[in-house]
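One structure is given below, encoded as structure tokens.
As written, the chains take the letters A, B, C, D and E, and residue 1 is the first residue of each chain.
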Amino acid sequence: MTLITKGLSRRSVIKTGLAGIIATGVAPTIFTRGAYAQEFCNAPTGDTVTIGFNMPLTGAYADEGADEDRAYQLAVEHLNGGGDGGMIPTFSSKTLKGNGILGKKVVGVTGDDQTKADAARDSARRMIERDGAVMITGGSSSSVAIAVQGLCQEKGIIFMAALTHSNDTTGKDKRRYGFRHFFNAYQSGIALGPVLGEAYGKDRVAYHLTADYTWGWTQEESIKNATEALGWKTLAPVRTPVGAGDFSQYLTPVLNSGADVLILNHYGFDMVNSLTQAVQFGMRDKQANGKNFEIVVPLVSDLMAKGAGSAMQGIYGTSNWDWQLTDEASKAFTKSFGAKFGQPPSQAAHTSYVQTLLYADACERAGTFYPPEVIKALEGYEFDGLGNGPTLYRAEDHQCFKDVLVVQGKEKPANPFDLLQTVATASRESVTYDPAIFGGELGPDTAVAC
Amino acid sequence: MSAVTMDAKSVSAPFSAAASIERTVPLEAPFFAVKDVHAYYGESYIVQGVSFDIRHGEILALLGRNGAGKTSTLRAIARLDNPSLHKGEIWLDGQPLHKMKSFEAARAGVQLVPEDRRIIQGLTVEENLTLAQVAPGRGWELDRIYAHFPRLAERRRQEGVTLSGGEQQMLSIARALARDLKLLLLDEPYEGLAPVIVQEIEKILTEIKTLGITTIIVEQNAVAALQLADRAVILDTGEVAFTGTAQDVLDNPDLRQEYLAI
Amino acid sequence: MLNVIIGRLAPSRGAVVFDGKVLTGKKPHQINQMGVVRVFQTPEIFPELSVLQNVMAPAFAKRDGAFRINIWRSLESERGIEEEANHILQDVGLYERRSHHAGALSRGDKRRMELAMCLIQHPRLLLLDEPTAGMSRHDTNTTIELLKKIKARGMTKVIIEHDMHVVFSLADKISVLAGGRIIAEGLPRRVRRSEKVQEAYLGGAHRLEEATH
Amino acid sequence: MDAILAQLLNGLDKGGAYALIALGLTLVFGTLGVVNFAHGALFMLGAFCAVTFRQLITLETVTVDPTQLSAWGAPLEIRTPLAQTWFGDFGAVLVEYSVPFSILFAIPVMLVIGIAMERGIIKHFYKRPHAEQILVTFGLAIVLQEIVKAVFGPNPISQPMPTALRGAADIGVWIGLAPGAVSYPLWRLVYFLFSAGIIAAVFAFLRFTTFGMVVRAGMADRETVGLLGINIGRRFTIMFGLAAVVAGLAGVMYTPLVPPNYHMGMDFLVLSFVVVVVGGMGSLPGAVAAGFLLGILQSFASMNEIKQLIPGIDQIIIYLTAVVILLVRPRGLLGRRGMMES
Amino acid sequence: MDLFNLPRRDWITFGLFALVVVTMPIWLTPLGASYPGLLQKFAIFAIFAIGFNILFGLTGYLSFGHAAFLGVGSYTAVWSFKLLTMDALPAIMFAVIVSGLFALVIGYLSLRRTGIYFSILTLAFAQMCYNLAYSVLTPITNGETSLQLTLQDPRVIDSALAARPEGLPSASIFGHVFDGFEGFYFCAALLLIAFFIALKIFSSPFGMMLRAIKSNQTRMNYTGFDTKPYALTAFVISGMYAGLAGALLAVTDPLAGAERMQWTASGEVVLMTILGGVGTLIGPVIGAWLIKYFENIFSAFNEQVLTRFFSFLPPEITEPVVTISSKFVGEGWHLTLGLIFVLVVVFLPGGIMEGVRRIGALFRRTTPPSAPAARPAAPTIQPAE
């Protein structure tokens, strides 16, 4: 039994060492660039190019989804030359001219991924098969990102992941067609460790409450490694179901466990609930082992901080980006977003916007929408001016490497959106790791006809 | 409808339009009338055009073989949901029962003492009686009921369903008397009772007769019913097969043999 | 009593024996499969099915046993069973209405159909619980004729009936029960003469005499 | 020992919520014979009564100052709270205690919603098959929650509890244990007492009032009560309204624990049906007993010691209990024979 | 031959149904639903609903946990892909067998109770499957992340027969990989087989027994039938249908997620069946199509689409119309669904098929001479009226 890819089987020149593993079977046939214009899925033919925005409009992450939606509207507007251009002027690459992508006007189609892997794939398939989307972006859960990334690999459609923090997205489940700008749990651990050590000392006992799925486990693992390196002890982690709502039965045992730090590996509304409920249990006023009991939330977003309200004050976590950053790009984006929507952008909005721009730029630089060429343009790409300082799209795992922010819940917010303050920045070098530690294979970049 | 022998009064229309509006009807005029009633249990056609009437204070025995539609006719008169009335009119003292729901019929003065007594579970004897006085139209006060039914007075705090069969029957009758009633419908009052108890119930019913309450009695024991009744109607498969006096039935062996198998 | 025989109620003591086998403790369908069939007092039928299907179903139980997955033959190709059912429907006078919804039949018709449902199984023991209740005089007589016909075929029957006319025209042997005890047993004419029966069962016939005098 | 005590408290607290919802569900089933899949939606609507009330009393006048820009580039807004302007100090108290105060708001609102629902739709379904009742009430639940979503948005809206009731109470000290041994959030204690109070009130109402007697009689034998001249339908409509109020109040008081969102009712629905069936369809004491039983079991199953013994037990304990109980006791704990078996 | 022995009327039904299914890519084009992903869903969920209807429509047992079998089928199929081969046939076979076994166990226990107690038992079993798949069974199910193919999968049969291809393989049949529409026709072929078997069951004595159980189970016992094995067989058959549907979901998209087993998914198939018409052959299929259409098409509408759609209106009306209608599409499509349910249940208790029948009856009344007589033997069999 052999695999027959309908249409054509063609690979680009092998560039990386990793790709060598895959080099079996079909011999590469090289055509000139112009010849394959129509030979890949959803090649834009008219004067427009369609991009699929697949985000949670309903469900537990609807908040993030709504903000992603806004970011995409803004990105489309800016790519087509509308508005003030946002981060296009600050972007280090100057290929984007406000005339769409490769001269074709950008059109967006949206779908609701419901934060469910199945639904997300359905929705992505619809955008690929019916609407002719040449690229899919979005998602705000790692399981959704991984599921859609797998589909996109199969369909030969580039997937620019938005909000996904699991190590697996660019680790063991990485795909040639999937790209992530957002940071990951491993980087959170590296960045957060020193700050926690400084704030809470070297002699601590940590109790983990972990969302029972891939992201939770990788984050728990990463934070455990980082804190144990400091000298902390870790009690057996407790896994909680996703979307439990009421976490009281998991919080009750924490009080008598002998731990003095609670680490909440929860996200979205789960984190909002578990944190506020932990505070209701009096954990922030409690003394344990002669020390103040502390709570840590390794991944926070401004939207979650807003949901948790005063419970968030003083709590440490990490963030991909914050609207209060003072570099030119961040200021330009915040201004542009704030003027259009009356509120500052969240990190979810930021990463969605950046991913769209990066794709457009890669197409411009490749001079085609042909996915293997666009992938080549993105792999190993070094850029700046998109809010996170100098950033590298690493070729080996399609993970972006940039500075990571360590943030803390603000004690006295000056306005309803002033919720997090940056207390430290982990440099890009410090959060860079060997791609081999997470395994996984990217797979081929074969274009697929549909 | 082979053996219908209608008496003259029931053939003539019991009500003129004017009379139906009048609230107080002269004693001689039909106090209660059923006119061409058709009723269904689901898709089953059970009551197939029954008509009869009763004068004030009269006792009517409604007889017939098993499944002839006696209970269904009583239930249709009490305006219960089943059987559903598809056609026909029921008039009580000038009030159109056929336009009412069962609770409205009850307020209009109809009281059904059902075959299985229907003492309400979870309620004491006294609560079962009080329940009858919740809706407007009170009949006997509790004291009077207890005076007539000393056995119930003794057991007033006991749960109703724990009473013996005869006591339950008494409670069911007493409950009807606790309401301001104009028409009493008795469905198989003697069924399943020991002979001694039957005599006791008979005594009560005779007492009720002296009070002049208009009554329809359905009874398997046709003789007992006919002894109590002034007049009789015999049903056969949902239709009226005979209308006449109680004595007519007792005196006519063929009729008894044909429709009552006695 | 019939409920005990067919397995609806369990006896606290004693046993039901049929053809040398103990019936007590058996499940209703097993008892039926042994050839004991009952007509219920309130018609127990399949209201959503057609009259014909109502009568065909028991025939399948007779032919195929308590359980058989019979998917590959279409219902309409079961000619043998359909014909037999039609035949019995003619016997009970329901043939013209064989495609009607059973639920829409009158009570008397339902009972006749139920009788047909039992007859198609050619039971070795047929239990009849007031087979004529709810029937008109005319229908009752037809049913008696029908039962007489079946009797001629040599089927054991037990009849529960208030209608003494029916009982005396059919039965070979009568047991009279009151309050859960047998008070008289034997040939019809002897039972008819029993005083206890007269008192307990025949609606107080002596009182009838008093009243008619 | 301390841990077990704390977990028991937690179980009672959860059980209170389950029992309260199951009670309302049983009330509707027992009186009207309707399987109400919209009951969870009523719970949700109750929670949103609290949200609405708070939004009303925290209404602000917003004036936009276009000359000044906020940090994110939008025109600066100046907000003045209305409640304080109108009521002064009482306004502040009102805002502080908005959740308890919204009980007063929720009672009439839920009563009206419940009665409207019963008169508008459910009354046409008394004699329809249970499957159709489930479908229509399920559809109704979807409609209600989508309306709430359209009005309040898809996200949870957190409701702050009064400052005085924040934090935890040191229960251990009350019963003579070491300080800090058993502490439990104050509001959760309040919730438990509240649910116990409501349950007691419902039972007292049914036991000691004439109305309650009529309703009990109607639950046992609707037809006979009608024969006694009582318009039982109207009383059952009121009972539906009351069930809606009970569900709504459960929702109101739940808001500070878990911020309400539009689909919170659905999350509770399946659970509460399991509770009702385990207790026995139509049995009010059964519903309450099953509610507490399942709450406590769930709480204990979540303890680490037990989870290590039987992995995953905390996730399935409720369903496992339901299966075992239904297989051993066909009609649930206190169910009546023949109820809903066809 | 008995296997193909069907009344002429049923053959006509089957023929028409086949025609409708085969031409779906054509007649769905104007409705915007003619793309492989959705067409496959139409076929797959139609199978699921037909199977569910064999249990619910015929025996009256309302299972609230049927999605468990769908999930089991999907997991089995994906594991077959991962361990053995990418060929669809073994995957489907295994899925049907394994879900049948699951149904046997769950059905055996659940059928000890009737009515709502049965429903709650099935619900409880399905929720246990779902919760376990989400947590403890992660090694088998890959938890929330969903079970997917990886490059490291052994695929022993494929590896033995041919060199490992680069990248992730796709499901195939005898070495032929489906592209979108071929995938649909593969599902459609299985749908037709499934429909044919349902037709056979509906018109067989077995089907009549199941209907009789629904009508009066006690009577069935006294008629000499052991009803338990009948109900259990129906349960297992419908579980196998669900397993087939689950396998096809995995074949068209090799991924299996736990949320396929959640009670909402079980509720969905109940809604499909009731919406279309319980106990009818075609009803559940229509219900499935309608719900999937709404889920996929209505949810994709947004204000831009609406503005374009209503652009023929005068501009001052367009805006309010768009605002109001936008509440019913896109994110609000559930609202539309809920309203449709309420309306259908209130006005058409027999589902859409009853509506069709009523219209048909109206039509017949106007043309009395051609009115076909009811089939004498089986007035309750209402295929495809």
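Keep this in mind: a contact is a pair of C-beta atoms (placed from the backbone, for glycine too) under 8 Å apart; a residue touches a chain by one contact, two chains touch by 3 or more.
Everything numeric in this text was worked out from a predicted model, so none of it was measured.
Enquirer: Applying the touch definition from the top, give me the chains sitting in contact with each of chain A and chain C.
Expert: Touching chain A as well as chain C, we find E.
Enquirer: By CA centroid distance, what chain is farthest from chain A?
Expert: Looking at centroid distances, B is the chain farthest away.
Enquirer: Comparing centres built from CA atoms, which chain ends up most distant from chain E?
Expert: So the chain farthest away from chain E turns out to be B.
Enquirer: If you tally the C-beta contacts for A-D and for B-D, which one comes out higher?
Expert: Contact tally favours A-D.
Enquirer: Suppose each chain is reduced to the average of its Cα coordinates; what separation in Å results between chain B and chain E?
Expert: From the centre of chain B to the centre of chain E is 55 Å.
Enquirer: So, what's the distance in Å between the C-alpha centres of chain D and chain B?
Expert: The computed centroid separation for chain B versus chain D comes out at 47 Å.
Enquirer: Which integer distance in Å separates the CA centroid of chain B from that of chain C?
Expert: Centre-to-centre distance between chain B and chain C: 32 Å.
Enquirer: So the centre of each chain is just the mean of its C-alpha atoms; given that, what is the distance between chain C and chain E in Å?
Expert: 44
Enquirer: For chain E, write out the residues touching at least two other chains, lowest number first.
Expert: 131, 134-135, 331, 334
Enquirer: So which bits of chain D are touching at least two other chains?
Expert: 154, 315
Enquirer: Please list each pair of chains that are touching.
Expert: A-D, A-E, B-C, B-D, C-E, D-E
Enquirer: What does chain C use to touch chain B in their complex?
Expert: Touch residues, chain C against chain B: 47, 101, 103-108, 110, 130, 133-137, 139, 162-165, 202-205, 207-208, 211-212.
Enquirer: Could you list, by residue number, the parts of chain A that touch chain D in their complex?
Expert: Listed in rising order, the residues of chain A that touch chain D are 57-59, 62-63, 66, 236, 238, 241, 243, 245-246, 248-250, 252-253, 255-256, 269, 272-273, 276-277, 280-282, 285-287, 307-309, 323-324, 334-339, 342-345, 415, 417-418.
Enquirer: Using the touch definition up top, name the residues of chain B that touch chain C in the complex.
Expert: Of all residues in chain B, those touching chain C are 42-46, 65-68, 220-224, 226-227, 236-237, 250-251, 253, 256-259, 261-262.
Enquirer: Under the stated contact criterion, what part of chain D meets chain B in this complex?
Expert: 210, 213-214, 216-217, 220-221, 223-232
Enquirer: Considering only the defined contacts, which chain A positions touch chain E in the complex?
Expert: The touching residues are 1-6, 11, 22-26, 57-58, 109-112, 116-119, 121-123, 125-126, 128-130, 142-143, 146-147, 150-151, 153-154, 168, 172-173, 176, 212-214, 239, 241-242, 441, 443-444, 446, 450.
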